[in-house]
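These notes open a run of structures that come right after.
Paired with chain B in one complex and with chain C in the other, chain A is shared by the two complexes that follow.
Let's look at the complex of A and B:
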C-alpha cells in the first residue's frame, strides 16, 4: 500500500534519527577504547564549566544585576549554551573541522555513500569533552534555577534550537573553504565569536552591535532569546526562534550542497579515527 | 549501452601560481594568478557488464580524477558520463547503492574498532535487512578469510589484512560495479597476489564489473583482460591486455646480486642497464632469450645471492607506446573484453 507524504517523511525522519544515533553509539564505543582519556576529558570539562560559573558568582556577590540580567539569567544562558555546544561537539564532532575536511579533500568517503554527505560528515566524529559540557548544562539548570517540568521541557527545546543555530552558522562559516580553499582560521574565528559573545549578558549590547548579533553572527538566537523565553515565555518569540533555527539549517545545507560543485577532493592518506 | 559510458570527459583545476620567496607570497595575496591544469582531457570509452578493466598510468596522469568523476565525487568541466545509466555527479546517492569503491590510500574502516563494527554501520547506511546482512557478511568473511580479523581493532591489522577488509566492506551491499583506486599500493608481493585473486573471484562468481586504477603493471597483467592507458590526462591506448603484453611487456627487468663480480654479460636480447661489481640490472627480451637462460649464464660465473624479476615501470611502457607511434589507438579492445 502506498504511503502518504507525511508517512514517507516520518519514515525518513525515523531513519535519519536512527542513523545519527548509530553513529553516536559508534563514536562513543570508539572513545571508550581509551577509558582514562574518556573519563578525564568529561570530568575536566565539567569542572572547567563550573569554574566559570564560580567567577560569575563572585561578580554577582558584589552587584545585584548587570544591565538587568541577574545571576540566575547568566546561569540559564550558560546552561543553554553549554548544552547546545556540548550536543554539537559530541554528536556533530566534525562541525569545527569542516574547513579542514574540505581543504584537504577529505569529503570523498561521505560522497560515496547513500546518505546526506553533510549530516554523515558531521556525525562521523565525536568530541568527548562535549559530554562534560552537556553534563554541566543540565546540572547547572536543574540545581541553580527553578526547575519545573515545563521549564525543563522548554530548556531542552530552546537548547536544541540554539544547537541548530550554532551548527548552521559554523557550517556556513566552514563552507567558505569551498570558495577560499583554506578557511580554517576564518571558520574558527567566526565560531569563536559566537562562543565569546554568548558568555556575556545580551542586554550589554546596543545599536549596531546588537543588530549584528541578531543577524550576521546570530548569538542572539543562540544564547539571549532562550534566556528571554525561560524568563518570560511568549509563543511568538518561541516560534521566531524555531523559525530562525529551521531557516538557518536550510540555508546551511543549501550552501554546503552548492559548495560541493567546487569540491576538488585530494590524495592525502586518511584513516577513520 | 555499456555499464560505464564516458564521452569527451574533461576536468580542469585552477591552480594558484606563486613565485618563490616572500615577494612571491605578497604578490599572491594582492594579485593572485591561476593556471588552468587539465587533469583529464576529452576521455571517451565504454565498459561492458562483467568486464575487468585496468586504467593504468603514472602518478598524476588523471586516473584518480577520472574515477572520482565516475563515482560522483567530482563534477567534470566538460563531457558526459553514465554509470549503470546514472549520471554520477547528478544522482550520486542513487548510484552509491549500485557501486562499491575502494581507495587504496583511504580507509573506510574505523581505526579503533574491529572491522565487524564498520560492517554493521555500513549495513545501516545501505539499509541492508539484518538477515540478508548476516548471510552476506558470513559469505564475505569466508571468501576473504577474515575469521579473527573481523574482531581485531583495525589499528592492529597488517596492511594486507586491512585491504582485504576494505574490499569486503565495499562488497557488502552487493554492488554491480567495483571501482578500485590503487588497491595494492604499499602491499608486499604475497598480499598483492591475494588481493588480485579475491577481486578476480568476485568478478567471476558475482559478475561484478571491475574498474581498477593502478600504476603497477602487474595488477593489470594478473587481473584484467582489457587495459586503458592514460597519460597527461589523455587516453593513449585502449587494448586487450594480451595485446599489450605481446607488444610492450615482453621485456622483464631482472636485478641480481652475485657472490663474485663478473666483468660482462653478452647475450642476445639482454641489455645491461646497470652494472657495479656484483650488482647487475638488466632488461631481458623474453621472446629472444628466456630468463632461465640468463640465470644459467650468470650461474656459470658466480652464485646468485639475490634476485628480483619485475615488469617494466608504467613510464617505460608509455615511452614505448609513444616511440612506436601507437599513442591514440583507442577502441581496439573488443577482443579483450570479457
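Let's look at the complex of A and C:
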C-alpha cells in the first residue's frame, strides 16, 4: 500500500514537472518571436545587474569589510538572490500579479481546469528579463568567487531553496487580496522589502529588525543563510534552510487554498488565445 | 495664453494625483525602507572608523541620500505611459490637441512631481531627523538648492522623454531605461557623493549629465559652496538645452513615422 502511494506521488511529481516545463517552453517560444525585445531584455538586464556591483566595489575599496561581510560575501549574496529571483520571474511569471488577478476575478479560468490553480496561474506567464538575472547570478558566482564543483552544487541548491522561500512569501503576500480585496500595494511593498533587504549585508541589521528578517519577512533565509552556507558549510544549517523552504511552500499553498474559499468570481470577459 | 494652458494642465495633474493622496503616501514606503538601510550602512561604516570622507560624516551622507533618493523617487513616472502612447499609436489622439505633445507631458510631469516631492521632503526629513539629527545647513542657501533641484527634475524629464521617444524606432525601450537608471546610480551619485569615487570616475561623471540630476543638488544641500552653485547651474542649463534640442528633434522625426489604421 505504502509503495503504491509512493508510486502515485512519483507519477504526480513527474506530471507536475512536465506541466511546468511545457508552459515554460511555450512562454519562451512566444517571447522569442519578438527577437529584439528578447535579446535586449536578457542582455541589458545582465549588464544592469553587473552595474549594481559598482557601489560595493566603491565601498570595499575603502574598507576591508562591513561588520564581518567582505566584498566576496556581498557578491555571493547578489548571485544567489539574482538566480533565485530570475528563476521565479521567468518560470512563475504571474507571481507578482497574484493580488491583481484575485481582485479582478481572473482566477476563474484556472479554477475550471483539473490542474492545481496556484501552480497553473503562476506558470501561465513568463518575464524574460529573469534570464538576465539568472545569467548574472551564475556568471558573477563563477567569476568573482572561488568556484569548485562542490560549491557550484551548493550554490544551485541554496539558490533553489531561496527561490522557494521568495515564491512562497510573495504568494502569501499576494493572497492577502482574498481578505483585503485590493492588496496590490501591500503585496508589492512586501516583495519590495524582501528584495531591498536582500541587497545589503545581513550584519547591518540588529535586534528587532534582525528578528523580523528571519521571521515575518524571511530575507534571512532568502539571502543571508545561503551566504553563510557558502562561507562555512554546516549540515545543520543546510537542513534548516531546506526545512524552512519546504514549510514555507506548504504554508503558502495552504493559505492560497484557504483564501480561494473567499474568492468571488468577476464578470469580466477574457479570452485566452 | 501659451504658458497659461500648460500651467492649467500641471494644476489638473497635481489635483488628480492629490485625489489619491494615500496612494502617494504609501508609495513613499520604499523611500523610508532605503533610507533606513542606508542609515544602518553609513552609521556602521562611520562607527568602524575606516570610512572617512573629508567633511562628510554619517549625518551628511544620510542627508545626502534624503535629497538624491527624494529626487529619484519623487519624479513622476511618465516614461511607461509615453512609451505605450508611441507604441500603440494613441499618441495620434494627443497630437490633435491644441498643445504640443512634449510640453503637455512636461506640464503633467511637473504637476505629479510637485506632490510627490512635498511628501518625500516631509517623509525623508522625518526619517533623517530621527536617525541622525538635523543637517548642518544654512536656510539662507535654500533658494539656491531649490533652483538646482528644479533644474535637476527638468533635466531628468528630457532625458527620460528621449528614451521614451526611441519607441518610434525600437520594439521595447524598457531595457534602455534599466541602463539609464543604473547610470544614474553610478555616474549620478545616487548612493554616495563623488567625493567617494576614484578621481578618474568623478572627472568622467562631471562631464556627463547624470551627476547634475542627483549629486549636484544634494552636494549643495550638505556642503554649500557659492562658486560650485554657479558651476552647477551653468552645467544644468547647458545639458537641458542639449536634451531639449534632442527631444524635439526626435519627436519631429518620429511623428512622421506614425501610421494610424482604423479608429
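In this section, the second predicted complex is superposed on the first by the 266 of 273 C-alpha atoms of A that agree within 3 Å, B and C clash if a C-alpha of one lies under 4 Å from a C-alpha of the other, contacts with A are read in each partner's own complex, and residues count from 1 in each chain.
Here, contacts are C-beta pairs under 8 Å (C-beta built on N, C-alpha and C of every residue); 3 or more make two chains touch, one makes a residue touch a chain.
Predicted model only: the values in this text are computed from it and were never measured.
Colleague: Touching A:96, do we find chain B (first), chain C (second), both, or neither?
Modeller: A:96 sits against neither chain B nor chain C.
Colleague: Who does A:114 touch here: chain B (first), chain C (second), both, or neither?
Modeller: first
Colleague: One more residue to check, A:200. First (chain B), second (chain C), both or neither?
Modeller: The second partner, chain C, only.
Colleague: Regarding the shared-chain residue A:29, is it in contact with chain B (first), chain C (second), both, or neither?
Modeller: first
Colleague: Between chain B and chain C, which residues of chain A are contacted by each of them?
Modeller: Dual-contact residues (chain A): 34.
Colleague: Note which residues of chain B are touching chain A in the complex, please.
Modeller: Against chain A, the touching part of chain B is residues 13, 16, 64-65, 68, 71-75, 92-94, 96-97, 101, 103, 105-113, 117, 121-122, 124-127, 153-154.
Colleague: Which residues of chain A touch chain C in the complex?
Modeller: Against chain C, the touching part of chain A is residues 34, 36-37, 40-41, 43-45, 47-48, 51-52, 54-55, 58-59, 61-64, 66-67, 185, 189, 192-193, 196-197, 200, 204-205.
Colleague: Using the touch definition from the top, list the residues of chain C that touch chain A in their complex.
Modeller: Against chain A, the touching part of chain C is residues 23, 26-27, 29-30, 33-34, 37, 40-41, 44-45, 48, 50-51, 170-172, 174-176, 178-179, 181-183, 185-186, 191-192, 196-198.
Colleague: What residues on chain A touch chain B, complex-wise?
Modeller: The touching residues are 15, 18-19, 22-23, 26, 29-30, 33-34, 107-109, 111-116, 120, 181, 261, 263-265, 267-273.
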